[in-house]
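Next come two complexes built around chain A: one with chain B, the other with chain C.
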Partner chain A sequence: MNNMITSSGSQREYTPSDRIQCDAFQQMCEATACVQNSALKRWKENGGKVVGFLCSMAPDELLIAANMLGFRVRGTGSTNTDLADNYFTNLNCTFPRHCLNMAMEGEYEFLDGILYLNSCDHIRRLYDNWKLNIDTEFIELIALPRQTGPDQVKFFTEEFQMIREKLESHFKIKITDDALRDAIKLGNETRRLQRRMYDLRKQDDPPITGAEVLTVMVAGTAMPKTEYNVLLRELLEELEGKQGSGKEYRARLMITGGVLDDPKWINAVEEVGGLVVADGLCFGGRIMWEDIDETIEDPIEALGRYYLADRPSCPRVVDKQEERAEFTANMFKEFNCDGIVGAKMVFCDQWNVENYMLKSDMHEQEIPFMSVEREYITSGTGQLKTRIQAFIESLGK
Partner chain B sequence: MSSSSSTVEENNTVIDQPVMVKEPSIAKFREEVVNWGLLYDSVATIEDPDFRINAELAKLVRDARKSIVDAFDEGRPFISNNYCTAPEVSKAMGLPSYMLFEAPFIPSSKEVLGDQLDHTAAMGLGPDLCTAIRSGIYYVEQGLVPLPAAMIGFIFPCDGMPMLHQVIKHNKFWKDMPLFCPDPPYFQDPRSIDYFANELKKMVSFLHNATGATLDMDKLKEIIDESNKQYLLWQEYNELRRARPSPHGYDIGGAKCFCVSQMFSVGEPDGTEWFGKLVKLAEDKVEQGLGSTPQEKIRMFWFDIMPPNWADELFPILAQEYGAVCVMDMFGNSPYTTIDTSSEESIWQGMAKRGLFDTPMVRQAIGPAEGFLDDLTRIVRDYEIDVVVWPGHMGHKESLGTYGIIREACKDLGVHFLDLRVDILDGRFVEKDETLDKFARFFKNKGLA
Partner chain C sequence: MYTAGIDLGSATGKCVILKDNKIIGSRIAPTQAHPTEMANRVMKSALANAGLSSVNEISTIFTTGYGRLNIEFATENMSEIACHAKGAHWMIPSVRTIIDIGGQDSKVISVNPDGSVDDFTMNDRCAAGTGRFFEGVARGLGLDLAGISALEMQGDEPCAISNQCSVFAESEVVSLMNEGHSFPNIIAGVNLSVARRMRGMARKVGVSEEVVMTGGCSKNDGLVASIGKMLGAEIVRCPTDPQLAGAIGAALFAKAKMERESAAA
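On to the complex of A and B.
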């Protein structure tokens, strides 16, 4: 068991590296467990630029083509929100509060720039508060439409083009179409490798747990893609052909929900017998289920189309709820799940209502669905475990 | 549920439209026609001018509701529209409309709102979701609003509204209803206005296809010209409110001006007449040096929506005990610009701008925090505000995220900042006495009482 109880009764930190010992996985664990990981530090030491982004609809490929490291901003390691609470209230989602707090503590000084999208009410205010409090030299917000028709794709593509030009002028670089095409190929390669990893979860006894998969996925947003792809290939070589994670489980679960980047949370679910084999998370299935279309002539348009309209959407996209429900149901079936856990962050209006609709959609198809609330930083998993246990029992497992 | 069909002949095309005939869904509207009418009639003889100006609003609401009931009964199409998606257009197309989202904001909902909100928890909605959205979802899911022939959605300025519209599309009775949501831009630049103007143009074709109605640009111009008159009068009225003492407090003007100009009497002479009377009323009081309370001491700016259900329990006490008067609120002073009707393009641009950057709540919340700051600065200066009351409505996640920005801006402006954290709709969120205590301690600590 990874999550040992110490003699004092407190829980020892979950470290997914305990089980899969290969070096590639160890490096990914390190990248997920902290913000300033070794790969990022090496990149900086070699003079590389790092641009942070929130959220998963930011065009990472644009940064890759600019020869920059795109880093998805997280609050990993944050222990409180004392500084941020001078700017946010206790009725705001804890994710942006922890991110701002870390930035105010200087943990994000390594960023050369940051790209925001108005993904939700809390994140767009993180942009405002970041602008006010943090001295990041390049801060931009990409306006995100709420629908996916041709006019919206055009508008969003223009937004990407404008950001491209701003990056070029601020950092005095040129982002060529060829570099963009190469970046798209590289990003698609990452997505293909990640899907190969997900395929392993379809097995009756998968060689990788849900917590480990999340570790690998989060690492992909924190280190150079070329390096990450090499590590992921190594990991796949280690796992493919193997059976079982050594973890006993009673039910196969799928997780949906907003920002979840902490493998400890998944581990808590898995500790009580719910093996997480699929997810619709934006650090998981939603960011790699589809490839960017490499046949579209204008690479910026390919990016605009992919990030707004083609990849599995998040609840803020108004005209795709039916598609999202279908995506969830299909994944549930494809991965032979027993039930779905909808994890919603407290004060997240988007996932609040999304889960409300999803629950009824799933019930229509006789797919068991349970909603749970969570805070960004995982602590005190007792209640979660009790609920998961009860859910598993309700599944007759 | 049964349905009948109405036929509209238009350019030799015959369009068959399903018209929802579902009595329970219209029952509440019928009730409102009667109740607003009774209210209006029962106060017809009361002379008090302050009272009368609000009572006349009852007639405008009654007439607006009646237009829906009549259309329903006669099988004519009616739609659901919103204050920030160019209501002038549907008016010009001759389509009666109601705003789905308004239910919790009208006083007639007060008695049942608490139970309805409690019920949404049983339905599976988390209590951290804005009560306005929860209530909107409740009304749709329980079939308490009549199914329109088409709907213009309003998917800004918060996260809740787009989710409400997804529930509408998800509901088994509403899912086939034609729904068009003009897509909102984020910034307030010319490109964003062009984008939204184009969305509004698409809305016209949508409404035509869904209802058969057509848009006559001359009629639209006429309506906008009339609405321009309303906005100019509103501005005049707001100028008068700057007086010391301010002629009116929380209960006159404010959001009611918005209700007349953007919801119940859009571009109608009746509404213009109402504004005219309001201006006259304020002029008389200013001339006589009369305020809303005998001794105005503290001038407050309520920086959010005025609570429709519990303002009456709060403000009279504040006025009486501390001489604290709400001289302005966030809905009361949107600097509506008049629309240039000299060309078609200027009309579309003007309506886009009006919808996005003039309409209250939307103008402040849709984009970056500067939207709040500009209004804060303007109002604090123009109205010589002593205290900015920041209600921190539990649903306004984006405004809650500007807490520090607004607090610091108040400091820079040299004005007191009171952080309340309430639910503007559900008075149970925080006990009234607790809120009053907060005011009392605040006034005392700041040396205002």
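On to the complex of A and C.
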């Protein structure tokens, strides 16, 4: 018998903070719901430096070792792209538009620096236009290889070393190997805690929804890791041993795709009965599935190796498509999913090609896969809900 | 026992009441209000149409369409994809391909022999080439939708339409008028451009020899003819109002649920 989606429920816009009442989770909700969150403000008030980055392949641990807060730049809260539209072509996606627009409105004045990678053409244009329009004093571009062999790892490690030296000379600091090793330990601690949270999702009736998990994951990119780890431990203590989120669902779904930081989008999926229990997102599973190797002697090499080659990759990397398909299929099975939704941004070439291949790879293994397009800011979820509901119905759920 | 389906679309609300697999009441009304109010309105007048006095006489009610969520008196809701497939299959059991063009979206659905959804494709976000687009075209020509229908079979040299954007429809049509094209040719061009688009979508899920069209735009004869020609398929006309397909499907799902429950009881 199907779980019914009854017609109760409020018309009010979803906020993740509604359900889990513990203080740690509420603080994470705040960090995810806006750009300038309280933890960030406290950090700045105490004289801390903040360096932003646009891509999950940026070396956060390098910033931690420099005693800085690494902040993953988002367009959260942006309502329009009127200022930024003049600097992009019609073929650029809405993520860089919203980020630049917010920066042009002064929302990113708190940044002491920003690290770019040429993650895709859209981010690359954002780098150009950020340089043109925003006076962040330290702006650097890290060259990102397309393949992941030993030569490329060596090159990427050298790029990180160059950034390390530039940070040292610009901010007049020293980033020691020991500090880097400590930062790697701290980052790995975060990853372990996040994986513990993901473990909870394997249950038949998980105590946490997909929208709530994304909230926790995004918060981890917006506040000091020391503070975040404490909150996450508190949250885990609250949730472990509990069952059920009160969310009725018909199917267990996995989401794959690029930049998705809005719990409201996941909630739209969950409102029509698709509980999101796993993901291959760069605000989710992909950034914590593997640890940075703590046994490699040179910590900067450990970073280069991890960020380019050792963690689940993004379609920007061209020699690992088979590995990504395997990662996706394994996660699908491990979390007992019923179907996969490939969420891609309009105009994202990388995920467009990836989803096409992923769909046929999954088809071969009889894993249901549906691709949907989205814009960066979630609005008008009607079509999305129809597609997801039809997908769930087609799963026989 | 009665069951009902309510299809709360972007342009119109539809309600169908079934008894013993027959439609005994139905209603189509323009969407002008909050989904709950629309649901109440179409339900009330479909009840009157069926000669029933109260919604309490309906045992099971399913909703579908954009406004399907959060309707208090509904038992359950289903996606319009499943409902259009079910409704079209009920009208024409041999159907395997359905083209549904509504007020703001268009879908191509392939259907299994039992009426369940095999695969589907749907337009992305914007309302290009849907009911809203035709409304914009009509405004540009200074006509209403009926006025378009009256002229559409007369065009023999369809104009090239470059833009199906509902927002730009009016200005596109005005420039064609300024260039001296006749109304029938402009309308033929509009139908052809939508037909081309539907062919693209239909290719994705595959087309059977017989195609059924549902949704408000399937009442547009010129468009139906254009799509048939473009697909090289026969468009089978529905015996019942094709705009009701979604609501019929919802009512049938309600009926199936009612029967399951009484069998269990």
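Definition applied: the second predicted complex is superposed on the first by the 386 of 397 C-alpha atoms of A that agree within 3 Å, B and C clash if a C-alpha of one lies under 4 Å from a C-alpha of the other, contacts with A are read in each partner's own complex, and residues count from 1 in each chain.
Convention: contacts are C-beta pairs under 8 Å (C-beta built on N, C-alpha and C of every residue); 3 or more make two chains touch, one makes a residue touch a chain.
Just so you know, these numbers come straight off a predicted model, no measurement behind them.
Asker: Is A:A390 in contact with chain B, with chain C, with both, or with neither (first, second, both, neither)?
Answerer: It touches chain C, and chain B stays clear.
Asker: Considering only the touch criterion stated at the top, classify A:V353 as touching first (chain B), second (chain C), both, or neither.
Answerer: first
Asker: Between chain B and chain C, whom does A:E271 touch in the aligned arrangement: first, second, both, or neither?
Answerer: A:E271 sits against chain C, while chain B stays out of touch.
Asker: One more residue to check, A:L144. First (chain B), second (chain C), both or neither?
Answerer: first
Asker: Given the touch rule stated above, what does A:G382 touch, chain B (first), chain C (second), both, or neither?
Answerer: Only chain C; A:G382 stays clear of chain B.
Asker: On chain A, which partner touches more residues: chain B or chain C?
Answerer: Tallying touched residues of chain A, the top partner is B.
Asker: State whether A:E373 touches chain B only (first), chain C only (second), both chains, or neither.
Answerer: both
Asker: After superposition on the shared chain, which partner residues are touched by A:R124: those of chain B (first), chain C (second), both, or neither?
Answerer: A:R124: touches chain B, not chain C.
Asker: Which chain A residues are contacted by chain C in one complex and by chain B in the other?
Answerer: On chain A, the overlap between the chain B and chain C contacts is residues 346, 373.
Asker: List the residues on chain A that touch chain B in their complex, please.
Answerer: Touching chain B: residues 86-89, 91-93, 96, 118, 120-122, 124-129, 132, 141, 143-147, 149, 151-152, 155, 158, 315-316, 318, 321, 344, 346-347, 349-350, 352-357, 359-361, 371, 373 of chain A.
Asker: Enumerate the contact residues on chain A facing chain C in the complex.
Answerer: Its residues touching chain C are 4-9, 11, 271-272, 346, 373, 375, 380, 382-383, 385-387, 389-390, 393-394.
Asker: If we count contacts the way the header does, which residues on chain C are in touch with chain A in the complex?
Answerer: Result: residues 10, 63, 66, 69-82, 105, 116-120, 122, 124-125 of chain C touch chain A.
Asker: Using the touch rule from the top, collect the residues of chain B that touch chain A in their complex.
Answerer: Of all residues in chain B, those touching chain A are 123-126, 128-130, 133, 137, 153, 155-156, 158-160, 162-167, 169-170, 181, 183-187, 191-192, 195, 198-199, 202, 368-369, 392, 394-395, 397-398, 400-405, 421.
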